[in-house]
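Working notes, beginning with the structure itself.
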Amino acid sequence: MPPAPDIRIPLDVPPEEQERYRENYRTITHGTGRLMLFAGDQKIEHLNDDFYGEGIHPDDADPEHLFRIASRARIGVFATQLGMIARYGGDYRDVPYLVKLNSKTNLVGTSQRDPLSSELHLVRQAVDLRDRTGLSILGVGYTVYLGSEYEAMMLYQAAQIINNAHHNGLITVLWMYPRGKAVKDERDPHLVAGAAGVAATLGSDFAKVNPPKVGKSVDAALLREAVAAAGRTGVVCAGGSHADMPEFLQQLHDQIHIGGTVGNATGRNIHQRSLEEAVRFCNAISAITLDDASVEEANEICTGGRC
Amino acid sequence: MPPAPDIRIPLDVPPEEQERYRENYRTITHGTGRLMLFAGDQKIEHLNDDFYGEGIHPDDADPEHLFRIASRARIGVFATQLGMIARYGGDYRDVPYLVKLNSKTNLVGTSQRDPLSSELHLVRQAVDLRDRTGLSILGVGYTVYLGSEYEAMMLYQAAQIINNAHHNGLITVLWMYPRGKAVKDERDPHLVAGAAGVAATLGSDFAKVNPPKVGKSVDAALLREAVAAAGRTGVVCAGGSHADMPEFLQQLHDQIHIGGTVGNATGRNIHQRSLEEAVRFCNAISAITLDDASVEEANEICTGGRC
Amino acid sequence: MPPAPDIRIPLDVPPEEQERYRENYRTITHGTGRLMLFAGDQKIEHLNDDFYGEGIHPDDADPEHLFRIASRARIGVFATQLGMIARYGGDYRDVPYLVKLNSKTNLVGTSQRDPLSSELHLVRQAVDLRDRTGLSILGVGYTVYLGSEYEAMMLYQAAQIINNAHHNGLITVLWMYPRGKAVKDERDPHLVAGAAGVAATLGSDFAKVNPPKVGKSVDAALLREAVAAAGRTGVVCAGGSHADMPEFLQQLHDQIHIGGTVGNATGRNIHQRSLEEAVRFCNAISAITLDDASVEEANEICTGGRC
Amino acid sequence: MPPAPDIRIPLDVPPEEQERYRENYRTITHGTGRLMLFAGDQKIEHLNDDFYGEGIHPDDADPEHLFRIASRARIGVFATQLGMIARYGGDYRDVPYLVKLNSKTNLVGTSQRDPLSSELHLVRQAVDLRDRTGLSILGVGYTVYLGSEYEAMMLYQAAQIINNAHHNGLITVLWMYPRGKAVKDERDPHLVAGAAGVAATLGSDFAKVNPPKVGKSVDAALLREAVAAAGRTGVVCAGGSHADMPEFLQQLHDQIHIGGTVGNATGRNIHQRSLEEAVRFCNAISAITLDDASVEEANEICTGGRC
Amino acid sequence: MPPAPDIRIPLDVPPEEQERYRENYRTITHGTGRLMLFAGDQKIEHLNDDFYGEGIHPDDADPEHLFRIASRARIGVFATQLGMIARYGGDYRDVPYLVKLNSKTNLVGTSQRDPLSSELHLVRQAVDLRDRTGLSILGVGYTVYLGSEYEAMMLYQAAQIINNAHHNGLITVLWMYPRGKAVKDERDPHLVAGAAGVAATLGSDFAKVNPPKVGKSVDAALLREAVAAAGRTGVVCAGGSHADMPEFLQQLHDQIHIGGTVGNATGRNIHQRSLEEAVRFCNAISAITLDDASVEEANEICTGGRC
């Protein structure tokens, strides 16, 4: 288990919300400073591609699958849109939620037009839902496409969201994706580090980045530049490839112990499985992330790698 | 008759509006969970094409025709713009209304510019009209063109409308249409399912989709992916072709009993007839939708298919 | 004289403004339901083209000419911009005013860029001026260019203006002009009818359309589709050609008695004359519009057609 | 000296601000109805081109030069941006100020993109500065580029500024410049008249236009159409060419006495001189504008034309 | 040491904030009227290029490096984004901060699209942070790209920020950069002077400009035009080249004593060094800026130029 870190509360959290922020941070990281984010926000981003088709378990066709996993597995936080939380949250009151505030579909490609993902809901609306229903809404998330011609709008919304979220005691996660006609290599380690640094500059608690690559080669050590650039902002990363679960877990372990990340954000790799497998896989990920489990221990949680 | 479902009230409906939401939902679905939406919002969308010309009954030239049908036929809700409701609603106080909040004309085609349909009226204005006049304004509707370059604005407005509508106890219907230069096949079942899933993610109560097709072939079973993707959001669908009424009713029956939809949204197929025929045809549609009538029973309501 | 119609008050007029709306409607239509709108809003739209040059009486060079006509002639309402009313209204307190809320110049043609005419003043500002000065500001007007790439913005502003105007007891007139690269034939009767229907859908009291044509032929009967499509929204129309006054009056008579319109909106044909002639011509138009005078009687008001 | 005109207060000036408006009008016109506007707003519009270089006196390099002139010369009002007034106004409390509310640089030419000059400061901020500091802020100014593709935004801002300024007792001056790809000849007398008419329609107290030309020929009589079109809105005009001062003064005299303008707006021709010369030249201009001095008398103020 | 100047408080600082403005100005200039601005806002602008790579000390990879320097060195003010201040400011309470309010990445080049850097945070949010935490937030900064097609938006935001900042007693610095397709030579002395003049016109306390060049030649005397154009707005300038520290210090000395600037804004040249060297180099810069030290004295602070 990683040592429980002191929680540094950023100064844009007002005194009356500091205890809530601290509790949210502790809950979301299980007291470890590490984050296991279960991402369930792809129904807009990828339409039904991630939920139905060859190689995807039929359980995943129903959006409630996401809530069942989130409810039964060991996770840090479940990220999805406000409308979904409003619809299912009453039956899944135990789930720790993070409201993903923006999303776009993948229909308009970058070659047609640079990506623009605008706020769907306001921090205030997430706070209202939390305060009125007592749901565990612990944080908010937002995606920034750096290098898009619409970058200015997203940087503004991101900065405002962080400021507003902290004013309400919420934890923030920025998905930092370089993308657009101007971006030649989205996975370039130096560019990924720059993106992580932007998240730090905007004051986010966590930055989610894609694993950097040089050519086709992924190497967890390539993350170190990003982790350094992010400073006190924790870097979380997507796991590895889908094909090979032991390899996925190995990569996650490397990201943390070689790359210096503080966790992971994983979606499809979890929810495209049956409920049982998804839960076990979540738990394996959490064991590495939250308990400093070895890859072998994690594989065992998946029952010999068959998760 | 389909079993009366429990009504699940989404969490963005505050306690003081929950009873109203429940009543609105019950009224709009006749207590069945099924929706027969009579669509009368085409005067902007299609200008006068749907109301005047060959094969259209002269009754349809006058906008009041829509109100006469809505008043005399058995429907779930009549969808039209606020200006029309303000003008005719005083004489048609018995009609259950849904305010369609956005509309655009069909003059600018997708090849010229991607579709943008912006709010005309605000939820607040629909609520004001309801509260001041006592009209049965039970819901609001909004069209999203997924894949348009202006998608971001429409997703934002849709999300906000749902949140605001629920805060005021109103039911929401999203018309989910993939459209734009980036959209190759608007009727692709997988894309239609994605669109239905977006409506669920935004938290809408109902999603209206066009019937999916593979090539030229419509098959009600193709709807199942969309129905699954929509989860607790009810999918309603346009009926079949105009030419053949028994076929229309058969397709509607199949959509519900094979495809799993919870109803229909029908406009031109109803209002392009004389008042008498339109009313009978509405009633036939409602028999299938609300009473689980057979196609034969429904045809009889149309007096042997001549409706 | 046409029979005095019952005045139907739209439901977006709140109870405390209904008496004012009724009075405004009665005043603006002289109790007849017919509208003689004297249009004096072209100084932005046409710059100085309508006011100075060959064939235009020198009186028209001075903007006060418009007020002199409006003050001395029998009209329903004088439409002009708020800035003009603020400047001259103190000396012309007897004139019934309609504030034209948007305008654009004609410098940028459709081939360069689709038309965009945005609000200049807000309904609130017209109401403030009315309430503070006691001027007879009875209504507001707005132009919508259907088929423009900027249609969405104008439809939104139009809908909002109508809602706000009715909330303040004001009568509304929409100028409905199909225009833009996508519009092949602005005078097509079916398209004009569609435009009239949009005004009805937005809830306007009156819609001003240009006379429909098939090829080069104007025929008042072509207006019937528009009149039907507009339902309870009164259609008013520009008069006929400038060259021949008896023909102008005949066309107006035909528009009302064959086409079914409820009046006219006339500008240049009036104000490009000397004050005396303009007043007589106004009165002739009003005789046809408000008194059901024959063309012959109207011609006589113009003193044998020389108006 | 021209006869002191009655001051007509526009109706958008509320009763509690009428006395202030009257005083501002009287002060700004020295009780004559004529306006000598000293324009010092070019540091954004022309960057440093007007202030430094060959043929420009070194005094002009320092922005305080403008305030020194405004303080020592006889002017109606000194137009400059709010930031400059805030910085220097404390040392030049005797100067009558007009806050120029918008400005753009000349870097992006019309061939690249049509001109857009947006508000920098709000009327409210000018009013706050006036009310808090007791500075003589008597009016506000705004430039409209008619025929620009961004015309709609500028017309809206201009209309709103006039309405707000009048609500606060301030005098308004619109710089009316036809400009953009659609504008073939910015100096066409008919177009200049149209521009003056737009200022009248928006309700401005004064309209500044460039002197109309036919081909290369300037003729003060060409202004008459604009003066007529502007009605009760006073037309002021840039003076003549820079090269020849007696000619400049002759042209100004002609503009007033032949063209019918009520004054001038002069910038570079004044401030590019030494303080002494600039003051004398200002006074010469004011003699013609405010005292109906002859050109000869004005030349003498410049000490034999060497001003 | 330069003589302590009288502090002129601009009139947009209200009386209740004048003492704070005076204190902020005194603190930020160490009572000298000169400004040593340590720029740490490049993590958005240059992503990780300035912080990691060949020739950059490893200390610079961590954002806290900036705060360590700012805390230990003698500076006027440390400029960085609000999110960074919120994250680290609690541990660096002694640092004088300036909140840089806008930023963009360098991914989209001017050849693709003109630069647009929009507000990230509002002045109000900087003020809230100051008032709630007691941090020494003394000023705000904003970059304007003159000549960009988006110039209008940036000029508006800059003008508003200055007005709002002064209303709250804050000092303002504008980064004035001509940039965009329309800008041929960003370093042209006349253009740089124009940019400095715009900052003065907007009312900023300081303008940061890049050192003007004629061809490849930098000459401090070229700054004089800008210094004159800026009037009472103090011009600060980037230092010289990175390669040669004595040359850097010589250039800074020349800028002040030949060019007439009141200081410098330096970032990479400081923070790309180890903490020790960075602190010494800062102190050397401050000696020249704040104490009128000679280049030799400054070099000695760097220990013989090895800083």
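As written, the chains take the letters A, B, C, D and E, and residue 1 is the first residue of each chain.
Keep this in mind: contacts are C-beta pairs under 8 Å (C-beta built on N, C-alpha and C of every residue); 3 or more make two chains touch, one makes a residue touch a chain.
In this text the structure is predicted, and so the values were computed from the model without any measurement.
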Notebook entry, point to check: Which number of steps is the smallest that gets you from subunit B over to subunit D via touching chains?
Noted result: 2
Check: What chains, if any, are shared contacts of subunit A and subunit C?
Finding: B
Check: Cα centroid separation between subunit A and subunit E, in whole Å?
Finding: 36
Note to self: Please tell me the distance, in whole Å, between the geometric centres of subunit B and subunit E computed from their C-alpha atoms.
What the structure shows: 58
Check: Which parts of subunit B, given as residue numbers and ranges, touch two or more other chains?
Finding: none
Notebook entry, point to check: Does the chain-touch network form a line, ring, star, complete graph or other?
Noted result: ring
Checklist line | Neighbour-by-neighbour ring order, given that subunit A leads and subunit E comes next | finding: A, E, D, C, B
Checklist line | subunit E contact footprint on subunit A (complex, rising order) | finding: 8-12, 14-15, 146-149, 151-153, 155-156, 159-160, 162-163, 166, 178, 180-183, 190-191, 193-195, 197-198, 200-204, 225, 228-233
Note to self: Which stretch or stretches of subunit E touch subunit A in the complex?
What the structure shows: 41, 43-44, 46-49, 51-53, 61-64, 80-90, 103-105, 107-109, 112-113, 116-121, 125, 129, 132-133, 135
